[in-house]
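A short worksheet on the structure shown next.
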Amino acid sequence: ADDEPAAAPGASGAAGPKQLRIGYQLIPNGDLIVKDQGWLEAALPGTKVVWSKFDSGGDVNTAIIAGAIDIGLAGSSPVARGLAAPLNIPYAVPWIFDVIGDNEALVVKPGIDSVAALAGKKVATPFASTSHYSLLAALAAAGVPESGLKIIDLEPPEIQAAWQRGDIDGAYVWTPVLAELRKQGKVLVTSRDLAGQGKLTADLAVVRKDFLAQYPAAVKTWLRQQDRAVKLTRSDKAAAAASIGKQLNLSPDEAAAQLAELVLLDLSEQAGADYLGKPGAPGKLAENLHSAAEFLTAQKKLTGAPDLAVYQSALAVQALADAA
Amino acid sequence: MPPELDTPVRAAADAVALTGVGHTYRAAGRDIIALDGIDLSVPAGGALAIVGPSGCGKSTLLRMVAGFLRPSAGRVLVHGAEVTAPGPDRGVVFQQPRLFPWLSVRGNIAFGLSGAFGLRNTSGGARASGLRGASGLRGAFGLGGRPRAEREARVAELLDLVGLADVARLKPYELSGGMQQRAAIARALAPGPRLLLLDEPFAALDALTRERLQDELRALWRRTGTTILLVTHSVDEAAFLGTRIVVLSARPGRIIHQEDSTLPYADQPRAEAEFTATRTRILEAVQAAVH
Amino acid sequence: MPPELDTPVRAAADAVALTGVGHTYRAAGRDIIALDGIDLSVPAGGALAIVGPSGCGKSTLLRMVAGFLRPSAGRVLVHGAEVTAPGPDRGVVFQQPRLFPWLSVRGNIAFGLSGAFGLRNTSGGARASGLRGASGLRGAFGLGGRPRAEREARVAELLDLVGLADVARLKPYELSGGMQQRAAIARALAPGPRLLLLDEPFAALDALTRERLQDELRALWRRTGTTILLVTHSVDEAAFLGTRIVVLSARPGRIIHQEDSTLPYADQPRAEAEFTATRTRILEAVQAAVH
Amino acid sequence: MHDPLPFRDRLRAAGLRFAAVAGAVAVWWAVARAQIWPPVFVPSPGSVWHQFLATSGLTGDGDGWAGYTLGEHLLASLRRMAIGCAYGVGGGIVLGLLIGLVPVLDTVLGPVVTFVRTLPPLAYLSLLVIWFGIDESPKVWLLLLAALPPVAVATADAVRAVPADYVYAARSLGAGRAQIPWRIVLPAAAPEILTGIRVAVGVAYTTVVAAETVNGVPGIGGMIRDAQRYNQTDVVVLGIILIGLSGLFFDALLRYAQRRLTPWRGRA
Amino acid sequence: MHDPLPFRDRLRAAGLRFAAVAGAVAVWWAVARAQIWPPVFVPSPGSVWHQFLATSGLTGDGDGWAGYTLGEHLLASLRRMAIGCAYGVGGGIVLGLLIGLVPVLDTVLGPVVTFVRTLPPLAYLSLLVIWFGIDESPKVWLLLLAALPPVAVATADAVRAVPADYVYAARSLGAGRAQIPWRIVLPAAAPEILTGIRVAVGVAYTTVVAAETVNGVPGIGGMIRDAQRYNQTDVVVLGIILIGLSGLFFDALLRYAQRRLTPWRGRA
């Protein structure tokens, strides 16, 4: 499947888009390798590739609605929201950039041994993030009611500061703050654990539906570059880490460490039933998004979760299959 | 703008006419009656001198004629039309100089001559623009809209007139009190208004400069037929310049003495026997006003 | 603060002494020599009247004695000490009233009497604080630090003196020009300074009010021994009030005439024969100064 | 500057304002109705009103937002605003006086103030947390840091504009150096300081959401942030309107103070 | 207000400033050295300097940050600032003049401006994206919206403080109603408008990070955010220092303009 990039232009041909506008985020996954190596630019010579950096999935949702980007990266929580009312964004998920693994976790101060022991304590997490979702999932799994502790909305740098001062007893947060907290704290639950329990969180690609319909070949090329990047992380870890490190302004070692905490899936793995699935058999990611939406509804952040079918039809399984 | 502005002035008509004019300020929670029941008129080409104790409402009266204040009672007519706003037909010298601090002396004087104002000023301008005569100035002066060179020449003459030629580039705050007052006089004269409203214009000047400018003002008035309204504390000045002299009483200001005089038409008013008599009459009236 | 402040004033000493004083302003890129080579002294208890053409540097001179300006050349001594800053021993009436707009007339006059200043003023205060006499005022007046009632009584007397009792609650911008000037005079008199610096204090007043205040000022000066420095454009005023009269030339200001006079000590200076003679001499000097 | 012929028709002003508000709501309603932009970005007046009823606790069907009623959110934010602005304004006046009056401090402190007032709060928020924790202090500090600079700059500039003659007059009347700032400079500079305060309160308002990034519930800013992340734009707009209205109220108070305290403006 | 006895020792001022900066760096170094707070919060001057060299492209071992050199980041932000401030200041002056001069607009527009200037940018950022996309426009708009209010408020207040006699004098000298704003009001209000501009530029600076949240690279604000995300506090501090220094530079320019354009302050 590691196709010659030259194959792509033949497929998209003269009908290729004039430009491909991508919204990326600084997360150590294959997307940064594609960007750093310039693979897309090489594979789509007739297309101007425009990379725009975003800070959150919410901003990516907004940019898609504004029609400012064609393909973007957003966490599973924002995507679950984006597909629900009132947003109802007409986009599809053609790719899972990464499944969140050890890079997001619940860290607590020494002396707290279980999630259940968090009752009455203060735990911080950035609200509306995948971490927030995971924290609540972990609490639910441990049978701790939300009202049994104080959940505080803080951004990662502030979490680190509050932790330093001892204002909080724990936090569900991502790297690199997570790494700092781990030095003095104890990890109770990671997102990898939760994924195993069906509470998967992931960084997803979203593509505007009309773009997908108009330029399937370009999306196919895009998918192949992503697959190529995932494969590079397996075949040449050093090269992959170097690329990512350059994009994140991190040393290759550090980048490699962060990369290792994520679960990256190649094209065939993505087509598995646990993830995106195949045409006619949408994968479990749809259920995942659906349950996230139901969860948000319970939190009164959504007026109602759409049907599972909405999420199933939002998985761009055909595009994935075409790229295979 | 009164429509008359563009028609020739009827010499005999009243340039300024106040009927039953009063003004009441509100301050510190009570009404202060500054002026009450003022009936007054100045024929076109006349010169009215207003004298009265400090605080009796002289400046108030002038500001109403200028269109800065609306009377609480009565009507103020200028050239037959009711005053509603300030206008370029009325040149004003304030009691405090009120020069524009962001302009030099030259800039202040040239303000009323700038081209953009041309259309408004032309008719009034024909009146009081000539300054030649006693001061040795010559030429009939163009106003707004006239070529730059002409405007500059006019500013130069005005600077000479008030003796500020060597400080033309200074800013107002770099002038002495008397110099500021002279600059303000030149500024008001520049566009050649039909009616000049002067609020103690020479108060900050030394005796000699004051006398010289009184002479200049009288010469200008005789030559151009400009109507003058002069507020002054100097009885001499009133007798020298006023074809009509009005004395106001202490607050509330009411007219307690009024007389016409032909002294300003004399060659040497100060030398006339009548001059001393007039002075004495006014002084007595003022004395009565204060007590 | 000059140390002498707390010791009794030696009657014969010079209250003000200028030696070789000059002042040069820099404006519009060139130097303006306002004053040049001024040697001048005023004995304690004396009254110096300064006369000169507009713009000759009279205000500049006063401001240097007041400590607002530092001389470009020479030395300015007040009560034997070099002037480095303004001080409560020198009361100042500015050419423009400069009242504090956020205070009422009463507030302005009371400013120099507030308790907090008490210590500084007591010694100087003993001098010029009494205003009784011609005006019918009575009592020796306490200054800063004195009981509130005493301070209020003093303000009331000053208000009466300048004829502003009925507008004590108004703010400065609600006063006429002359009223502002009178308020400024009252404000400067309030703390009873040893030295009074007056810059054309009566310019905006009508003839009668002016004469009355000249009389009051002279009475106060005779009673309290306050030293006075008076800038004036009125030759009459100079002759009436000045025990020494100085005439400055046009810019750069130099002393071109200086004379001592005993007229201010006379009962009715204006009625003395010498009065007219003095007037004439000064007038001639001024005429020479201008030309 | 005053109109030469002043004529105050309060009724007319009220009418105009009412018409303006009604017009604005009508335009809003039309825009929302026409769906020029998706409803998530321009919610209808109706849905905002509904959220108001639901979160204010005025009707039975709502129990506030995130466990607090609208009033509690607003009160929490206003409290922070009040404390932050009070300190900011006080500090700004003192700093401005020092900078404006003492040349040495102008040289040294002036640049420090300028430097600090360019700093983006989002960049130093974590420092505030490490210094002041996650409770009220960091929020109040941020609001303080937002409110202080406009007041300091306005005060320092106003001090430089105080006519020197006022100071000279006061000194000649016996005021000591130490009294000049309070008795002369402050009142003379009051009009511009009040302008600075008006600007400062506005800037503090714009910072309230950033301040409530840190553990900001209850708080209108926290509510807005939270709602925004879940695209509950009607709540966002509700919060914005409340912020704006309370801002209008305080600005009206300040303008009233300005008119009462500095009546000489434009006349002296 | 001017010192009664002015004495300008530029050398001394420079020396004082240098001493102040040196002192500040020394304190910083000591604090960083003492590790009162962990280095993630207070990086040492040395590491910031190192980052400066690395990202500025001055040494061989660095190739900038996120593909752009420090200079490019700074330039991108300054460009946005310049455009945003230019429009904001221009719009603020025009709005302020209208509000200050036309009573009807004061009634109607005044509250609108007050309302708008309380709105937190973080709350309406997404609207800007919807309206203006993700490129330069939304950033410039945000900076514009930050810079406009202080200027508008200062201008409107300054207009009200213009001595009525100036207007009367001008009208008596033949200036028409239409000329008053430009020939009288603007110059008379210039000192306070310039103060407003100084405040506005500062406020715009504080907004630069918020403005560069979306697609903000190249840009100093974007760089700061990225670095923050990865705990590279030395880069954050570097960015903060650059912002502060450029702010100092522009403020110095504005103060110079103020001195040159309005020399009558404190003397008229």
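Each chain gets a letter, A, B, C, D and E, in the order it is written, and its residues are counted from 1.
Following the convention adopted for this analysis, contacts are C-beta pairs under 8 Å (C-beta built on N, C-alpha and C of every residue); 3 or more make two chains touch, one makes a residue touch a chain.
No experiment lies behind these values; they were computed from the predicted model shown.
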item: Leader among chain pairs (count of C-beta contacts); value: D-E
item: Relative to subunit B, chain with the most remote C-alpha centre; value: A
item: CA centroid of subunit A to CA centroid of subunit D, Å; value: 39
item: Geometric centre distance via CA averages, subunit E-subunit C, whole Å; value: 49
item: Intercentroid distance (Cα basis), subunit C paired with subunit B, Å; value: 31
item: Gap in Å, rounded to a whole number, between the CA centres of subunit E and subunit A; value: 37
item: Multi-partner residues of subunit C (each touching 2 or more other chains); value: 67-68, 85-86, 96, 171
item: Multi-chain contact sites of subunit A, meaning residues that touch two or more partners; value: 58, 65, 157, 160-161, 164
item: Junction residues of subunit D - those touching two or more other chains; value: 4, 38, 41, 126-127, 130, 163-164, 168, 225, 228, 267-268
item: Footprint of subunit E on subunit B - complex, ascending; value: 66-68, 85-88, 90-92, 94, 96, 98, 100-103, 111-112, 116-117, 120-121, 144, 171-173, 187-188, 190-191, 193
item: Footprint of subunit C on subunit D - complex, ascending; value: 163-166, 168-176, 179, 183-184, 187-188, 190, 262-264, 267-268
item: Contact footprint of subunit D on subunit E as seen in their complex; value: 1-4, 13, 16-17, 20, 24, 37, 41, 100-101, 103-104, 107-108, 111-112, 114-124, 126-127, 130-131, 146, 149-150, 153-154, 157-164, 167-168, 185, 191-192, 194-196, 198-199, 202-203, 205-210, 221, 224-225, 228, 236, 239-240, 243-248, 251, 258, 265-268
item: Subunit A - residues contacting subunit E, complex; value: 23, 26, 52-55, 58-59, 62-63, 65-66, 68-69, 156-157, 160-161, 164, 176-177, 180, 247-250
item: List of subunit D residues in touch with subunit A within their complex; value: 38-41, 125-127, 129-130, 133-135, 213-217, 222, 225-226, 228-233
